[in-house]
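The data blocks that follow each hold one structure.
Here come two complexes built around chain A, the first alongside chain B, the second alongside chain C.
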Partner chain A sequence: MDEALITVLMVHEVGLHARPSVKLTKLAKGFSSQIEMAVAAEGPWIDAKSIVKVMATKAPKDTVLHFRARGDDAKAAVEALADLVARDFEETKRDAAHG
Partner chain B sequence: MPRMVELWGSPASPGIATGPLVRVGGPAPATRVAGAPGQERQALKAAIRQAIAGLNALVARSGEEGGEIVAFQIAMLEDEELSRPAWTAIEAGTPADEAWRAAVDEQVADYEAGEDDYFRARAEDLRDLRDRVIAHLAGGDNTTVPVGAVLVGEEVTPSRFLETDWTSGGGIVLTGGSPSSHVAILARARGVPMVVALGEADFVAHGAALVDGASGRVVLSPDDETVARFAVIVREAGERARREADYLQRPATTADGTPVAVLINVTGPDDVAGIDAATCDGIGLMRTEFLFRDGSALPDEEAQYQVYRRLLDWADGRPVTIRTLDAGGDKPIAGLTPVDEANTFLGLRGIRLSLRREDVFRPQLRALARAAVHGDLKVMWPMVTVPGELDRAAALFEDELAALTAAGIACARPRLGMMVEVPAPAIAPDLYGAAEFFSIGSNDLIQYVAAAARDNSAVAPLSGDVMPVIERLIARVASYGRERGIEVSLCGELAGEPAHIPALLRAGLRSLSVAPAALARVKAAIAGVGAGA
Partner chain C sequence: MSSRVGIVIVSHSPDVARGTAEMVRQMVGEEVPLAHCGGDPDGGLGTSVEKILVAIEAAWSEPGVAILVDLGGAETNSEMAIEMQPPERQGRVVICNAPIVEGAVMAATESWGGATLAQVCSAAEELSAA
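Here is the complex of A and B:
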């Protein structure tokens, strides 16, 4: 049983809105570990697999997100989540859109 | 079978429909009698599962952009956290629907209390998913309306209209609403019979209805004789349509040989799917606000570009006029239009809103500049009130063109023109010299000249009575356009009404843009207008 903790700055323009929240919770559900998220180091910690809870944080742009996990894949889980946030939820930047 | 009842409302879209009556809109208040907690739990579980299945089906049809908000709704429904309070309430003896409503409303209240417009707008999505589940609990699957049904309710949302299959008939009956509402415009465009402002009526006992959209008559539980009588009317209407169809294949000319361009108003590629481009002179108005449909995520540049390009491809060299986002007024868009404006028709709408929201406007301009490479594109600004707005919008366009060019992305500068729908440019068109074309939007022009809201049936007669004044304004703009060689057309509802066509041609207009369903009718009406027009 591992435990892992990670923090990441969210730069998404409108914050943790519907599309990022769907992606985040989907990714979290792919891990067996219990995963929690908080918008402050001291908590409160919420279930990162629940979109109801994640959206309820109404986290705006430039929020530092904290993830902690407990379970067999704890380290991989928090790293994957931090990576998703750091990559701005894989959303194409306005300026980069062309084709 | 219940007794036949005849009701009268306001005609909103001509045509006759008969079919099963299906209630839509707000769900019935919670009237479910609680079974044992076990039964209620099972019922709610099943209803949530059905709602998810319905939404999954909708995802497939919504495309990438519209699908995102549906994906959000599905994720919410799948989350145990949402239903948790409902399970507790059910254990305590609360009926499933009441328990579910209370659980979701708790979340709705939380979103509505938010500071941020975006999060507040999500309350709408939650109410929508709440009602979907409640509809399943009530036994009626509110999300899939049988083909050919007559929808009845207080109101029908544009998204409901768009997700309904109208290919095999069907109609709409509203107890409220107005003939100038957005759904009415959509109904006329697709040829769906519609009657509005019926007032309160008891539909519960009735299983079928007959709608005569031209007269405003609605017959509930029609008897055989009535159905037969209407069948005759339908047949005659069909014969008239066939006669009019003869005109469809020919360019429109008046009886004395004056050519008149007839173009179509559309909301997207779906509207032109069954139309031969050769039967019209192009697209006179594409309303882009439907790409930004309520409840959907805002479409990005690429998604818009694809839509615009498809329309240009379809038009095959004919002109395509695309109007930039005209949100606001009676077309609110969650997360974009102001939430608590006192008078939306006089507020932040059309170009006013776009100039404030460059984050939304610029991607649209880029998509248009890129699409312009593929055909004869014209870009039209809505709700222009002062010449300065033309300059600011054009400057932003030039800005984006320069950026695209610098990035090596193919783009072109389309003609930039404006709607004439605010009285100001209709009174003094010469002050708007920067516009490369004018398109008169009669619906808004009438409501602003008459100071009579489009959605208020109490003042509706003023719209008709003010017509002589409107005709003078149209003549003024048309004559200015003729003098200066600036194209003037009319894309409002007036153009689709045969009775108004002689007056429009008399006023000097030679270009009309109408709902696709009105194309044959309008061409036939033009052919009937004699010399001197």
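Here is the complex of A and C:
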């Protein structure tokens, strides 16, 4: 059982809007570990596999996202999530502008 | 046969139904069984039990089907279509009490992740409580 924590700056123009939230949740669901996300180091921590809770954070551009995971693939999970955020959710500028 | 819960979108407007399905496809992907219907048999605004039956058939999946509706008639006609399902499907086709567009995207995301019918519906219904 591993535990892992990672933080990443979200530079996405529109922030954690609908499409990035779906991508993030789908990626999180692919790992067996329990994964939580927060928009501040002190929490509150929410279930990163819950699309409703992730979207409800309404995190804007320049938010530092915190991911923590507990489970066999904890390290891989937080690294993959941070990577998705760092890669701007694989969206082009045009996608982002259309939210 | 997909192992994921199917999603059916029922709107009074064919355009709303099609647009909602398009959002689900673009945001969540092609893996979730999805069908939509809208409009009455004469091409006007409304819903029809026949079209809903066809949509349920198209999205049918062993773990069940979640239906997202817009206004009153969409719900009562969907209830009627559910009652007309064979006995072995009773309890495996349910209407989610959630806003149609947002609910469809939430429900499909949960379904994509392999959630049960109850989990799919509660994710969509969590929206109303939030």
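The rule is simple: the second predicted complex is superposed on the first by the 92 of 99 C-alpha atoms of A that agree within 3 Å, B and C clash if a C-alpha of one lies under 4 Å from a C-alpha of the other, contacts with A are read in each partner's own complex, and residues count from 1 in each chain.
Everything that follows uses one rule, which is that contacts are C-beta pairs under 8 Å (C-beta built on N, C-alpha and C of every residue); 3 or more make two chains touch, one makes a residue touch a chain.
As the structure is a prediction and not an experimental result, all values here were calculated from the model.
Student: Between chain B and chain C, positioned on chain A by superposition, is the outcome a clash or a fit?
Tutor: Overlaying the two complexes on chain A (C-alpha atoms) leaves chain C and chain B clashing.
Student: Figure out whether A:A56 sits in contact with chain B (first) or chain C (second), or with both, or with neither.
Tutor: In the superposition, A:A56 touches chain B and chain C alike.
Student: For A:D47 in the superposed arrangement: first (chain B), second (chain C), both or neither?
Tutor: first
Student: State whether chain B or chain C is in contact with more residues of chain A in the superposed arrangement.
Tutor: Comparing touch counts on chain A for chain B and chain C gives B.
Student: Would you sort A:R19 into first (chain B), second (chain C), both or neither based on which partner it touches?
Tutor: A:R19 sits against chain B and chain C alike.
Student: Which listed stretch of chain B (1-9, 19-27 or 235-243) steric-clashes with chain C in the superposition?
Tutor: 19-27
Student: Using the superposition on chain A as set up above, list the residues of chain A that contact both chain B and chain C.
Tutor: 18-19, 22, 25-26, 50-52, 56.
Student: Residues of chain A touching chain C in their complex?
Tutor: 18-19, 22, 25-26, 29, 49-52, 56
Student: Okay, in this complex, where on chain B does chain A touch?
Tutor: Going through chain B, the ones touching chain A are 68-69, 71-72, 75-76, 79-82, 107, 110, 114, 116, 118-119, 122, 125, 297, 300-302, 305, 359, 362-363, 366, 407, 409.
Student: Along chain C, where are the residues that touch chain A in the complex?
Tutor: 27-28, 105-106, 109-110, 112-114, 123, 126-127, 130
Student: Using the touch rule from the top, collect the residues of chain A that touch chain B in their complex.
Tutor: 14-15, 17-19, 21-22, 25-26, 47, 50-53, 55-56, 58, 60, 92, 94, 97-99
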